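Structures incoming, each one as structure tokens.
One chain, chain A, links the two complexes that follow: it is found with chain B in the first and with chain C in the second.
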Partner chain A sequence: MDYRNTLTTCTYCGCGCNFFLESLDGRLTGTIPCKTSPVNEGKLCIKGWNVHQFVQSEKRLTKPLLRKNGELVEVSWDEALNFVASGLKAAKSASGADSIGFFASAKVTNEENYLMQKFARAAVGTNNIDHCARL
Partner chain B sequence: MTNAMSEIEDADTIFIIGSNTATSHPLVATRIFRAIEKGARVLVADPRKNQIAAFADLYVRHRPGTDVALLNGMMKVILDKGLEDKAFIAENTEEFDAFKKLIDGVSLDEVSQITGVLLEDIHTLAEIYAKADKASIVYCMGITQHTNGVNNVKSLANLSMLTGNIGKYATGVNPLRGQNNVQGACDMGGLPNVYTGYQPVTLGAANKKFAEAWGVNELPTKIGLTIPEMLHGIEKDEVRALWIMGENPVVSDPDANHVVKALEKVELLIVQDIFLTPTARLAHVVLPGVSFAEKDGTFSNTERRVTRVRKAVEPVGEARQDWWIIQEISNRFGFKMDYASPEAIFKEIASLTPSYGGITYERLEGPGLQWPCPSLEHPGTPFLHKDGKFTRGKGLFHAIDYKPSAELVDDEYPFCMTTGRIYAHYHTGTMTRNSKALDFEAPEGFLEINPADAKALDVLDGHRVKIASRRGEIETRIMITERVEKGVVFMPFHFEEANVNKLTNPAYDPIAKIPELKVCAVKLEKVS
Partner chain C sequence: MIDHIKKKINELLSGGSVKGVIALANANGHVAPCLFQKGDDLEKLSLGDRETAGDARYPLNKVLITIARQYPDEVFGVLTRGCDERGLHILYRLNQLMPDKVVPIGISCPQSLAIQCECKKPWPDDMTAGEKSEAVAQKRVQDAEGKDLKERFDYWANQFLKCVKCYGCRDICPMCFCKECSLECEDLVSKGDLPVDIPVFHLTRAMHMADRCIDCGLCEEACPSGIPLRLLYKKTAGIMNAEFGFTSGIDKNETSPLSMMGPAPKK
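Coming up: the complex of A and B.
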């Protein structure tokens, strides 16, 4: 049996509570609030207590999907990534960098947001990047 | 937030406006409850009588969209009674005279009429707040999601400066960020006008610095499009490709039918997410990213605290790290990226962002660090604007007149609708509704309506009604409650099958471009 506790930060609201995710043989089994976190001092709300439940839901996307003949079908990563890269290149050469837009996200990490705005600005050449801070 | 979350419990007066704190920020509410135990006075102003109102010394129900009027009324009382902090104003602020002139012209009777708040309550609010030693203001989307959002925020800044309630321990203005990493997404330059740490794309020096660091000859200097502008750009054939990472605008954005139309029209729609959301269903290509439990990185919370996210389990199926997906696409696009890990990316962020300059993964072992943290020796900054010192030099007063919301009730659409969250769910429900325990708590949407209105409509608790605005219509069951006053209805926005954002008004604030999700006019009809 491989039992682990991993200290991390809640993905739901802006309080940013800290807790340990409990896992047993690679499956998440529970959430334990962090007592030493100055943010939540051992407390969590109902969303935090149950945060491990959606992660391994059977509804999660597990493969890239590409629309073919109107339907989204499973494809390899190679095919999906090449489709995106060539599609963006085509859009840029046909109608310019500012014809491409990016939605960054309040749900992903700082590192991932940084990388997306770097890609938009340095690779594509547009400042068309925003996220739903306003919502 | 200008203060650390823990400081709230040491405030002696807390003024909560437009924040359903107990539901949307439960662990901030905990601090407020502790402050109450220590004897703090709590003032709540909100069109909807939320849970925290039950603990308030004074609760006032102002009409949706009348925040500026209420705040100007409070400031009028403060000036009339000479309760302002004259020394603070003289030393630390500018433009006070123009502001005072506007407030002098405010009529308290009119304020009472516009807001629906009793004159004596306006007096009490003003006096308790102004006489406090350490007063903290807490606000949320109830203040910002209006066509007057920026004016609302500036009015709160006016109020805090007028009474010198800023820049001290447990004393300040504290916006609560809606989503866990909104602060981080802004800090990281996920905005059309700034790079990381709010360095403007239009500023030559910043532009040059980033171009050099990223190894390109030049970077665009034109401010980019906001989300509503991008959607509009699709209609005008100016935007042809869209890459959406971890967002679900079909459910979260105002005027959903309009959003769907735009996303159906765009020539290339790339959606990166962990579930097949209503937005992903419209995509040409869907890239499965991973959840927070399957990745390493950092989040920045509402008090500017940067903390670690750590991988607890392997990703499901063939889902891939979101940073890896961006890097792979970039390389195939022809712009080389070769980061070995999120930590490598973080090092680059710290090197280009003064406020994050002293933060390293090593230093984040433990409780995290609050930016600004400019150097490796710097301990981080729990509260901003220390001793009245504002980032921009002196605090600026703004003379702000009350303006009504973009859409008002009329004979055809006689109800004022406002939206928000409920305790068991989060945002568009993508995650919480896939959690068994939370789905069990609240499996479907509902409309809160005042008993008098329900009686007039001849509906009982649990009956279904059709709700229509100028933009669309939906059906849901009703919940009869005194939480909303006569003429006002409330609906949570977590439920795609009764998607309240089919009704909401996309009219937005001219400066912050925040849509007016908190006020629109609707009509109700009983469904037999």
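Coming up: the complex of A and C.
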């Protein structure tokens, strides 16, 4: 019998609300807002309250998919990354770095967003960086 | 008090009379619900007091239901305040927990917490540690009733308007366990719309809480919009008491007036 409450931070937006992901025998069973967190003081929005649901969702993508002949097929990470890298290179050499744009996300960490803009500016050479929250 | 509780938990676990004890624990600088099992370090035990008494309380009976559904044949101990004990009585009545599978470890609340909660009974009958604090009068309800009808109506309409429909009041509630919830029934509550349906959303919940609410106050503490939910449910409980002489959870063998046919029971 393994009941745990794992303290973590919400992935849905940049507010940084803290909660416990409640698990029983390795399966997530719920979200409990952390009352002693100075950020959210035991409160959450509807997304935070249900954050445990997407982790074990059957609809969740867990492997890279590549569209081949109009159909998405499972491929290795190497193949997926090679496809993206060669696509970006081709676009850059054909139409210049500013023909490429990058969308960062509220659902990743600050550090991952930093890496995204660094990759855009330093590796690709464009300042075309935006964020899904602009919507 | 906490040493007394540790001793009790240790006795229960080492004696093998319970499989685990659901209580609170200090971890990562925070307080979280925890399942203590045989051999676990009891030094991290917390009673949910941080800066003020009871400011880190969590719905432990809800945790117990989660675990008991998976392990229906095991017996569990659970840290129990006055409100939690009322909750256990109701959860037994509603067949969500089996009384012979639960060992309550009762603690009383200090007077400061009783005053803050305006608690009618800040102690469990089955008390392992602590001293009985005094019952506190329902001043919030009295104050609200002092306003005239229009003032009251406007007050609540404005409060309900603040709702962001996070469902946190339901999700934190140790007495909410239904698999299908009226608040997700599209005939009552429109899906994906704000402002919330006023007053259907909040009054539907208040009605469902009428014979269940144990006045633990976790809903009000979880509300990101600061809606005085506890006041609403205290008033609902007051009506149940005035009309039916019923106080949810006080009596172990209670029958809810809402589940009986026929004339109202004697006051």
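Just so it is clear, the second predicted complex is superposed on the first by the 118 of 135 C-alpha atoms of A that agree within 3 Å, B and C clash if a C-alpha of one lies under 4 Å from a C-alpha of the other, contacts with A are read in each partner's own complex, and residues count from 1 in each chain.
Here is the rule we use: a contact is a pair of C-beta atoms (placed from the backbone, for glycine too) under 8 Å apart; a residue touches a chain by one contact, two chains touch by 3 or more.
These numbers were taken from a predicted model, which means no experiment stands behind them.
Applying the stated contact rule after C-alpha superposition, one finds that A:Leu7 touches each of chain B and chain C. In the superposition on chain A, A:Cys45 makes contact with both chain B and chain C. In the superposition on chain A, contact is made by A:Leu24 with chain C only, not with chain B. Of the two partner chains, chain B and chain C are each touched by A:Ser37. Put simply, more of the residues of chain A are touched by B, taking chain B and chain C as the two choices. When the shared chain is aligned, chain B comes close enough to touch A:Thr109, but chain C does not. Across the superposed pair, chain B and chain C both touch chain A at residues 7, 18, 36-37, 40, 43-46, 49. Interface of chain C with chain A (complex): residues 19-20, 27-35, 37, 50, 55-58, 63, 66-67, 70-71, 74, 164-168, 171-172, 221-224. Contact residues on chain A toward chain C in their complex (touch as defined above): 1, 3, 5, 7, 18, 20, 22, 24-25, 29-37, 40, 42-46, 48-49. Looking at the complex, you find that chain A touches chain B at residues 4, 6-18, 21, 23, 26-28, 36-40, 43-47, 49-57, 59-67, 72, 77, 80-89, 91, 94-95, 97-119, 121-135.
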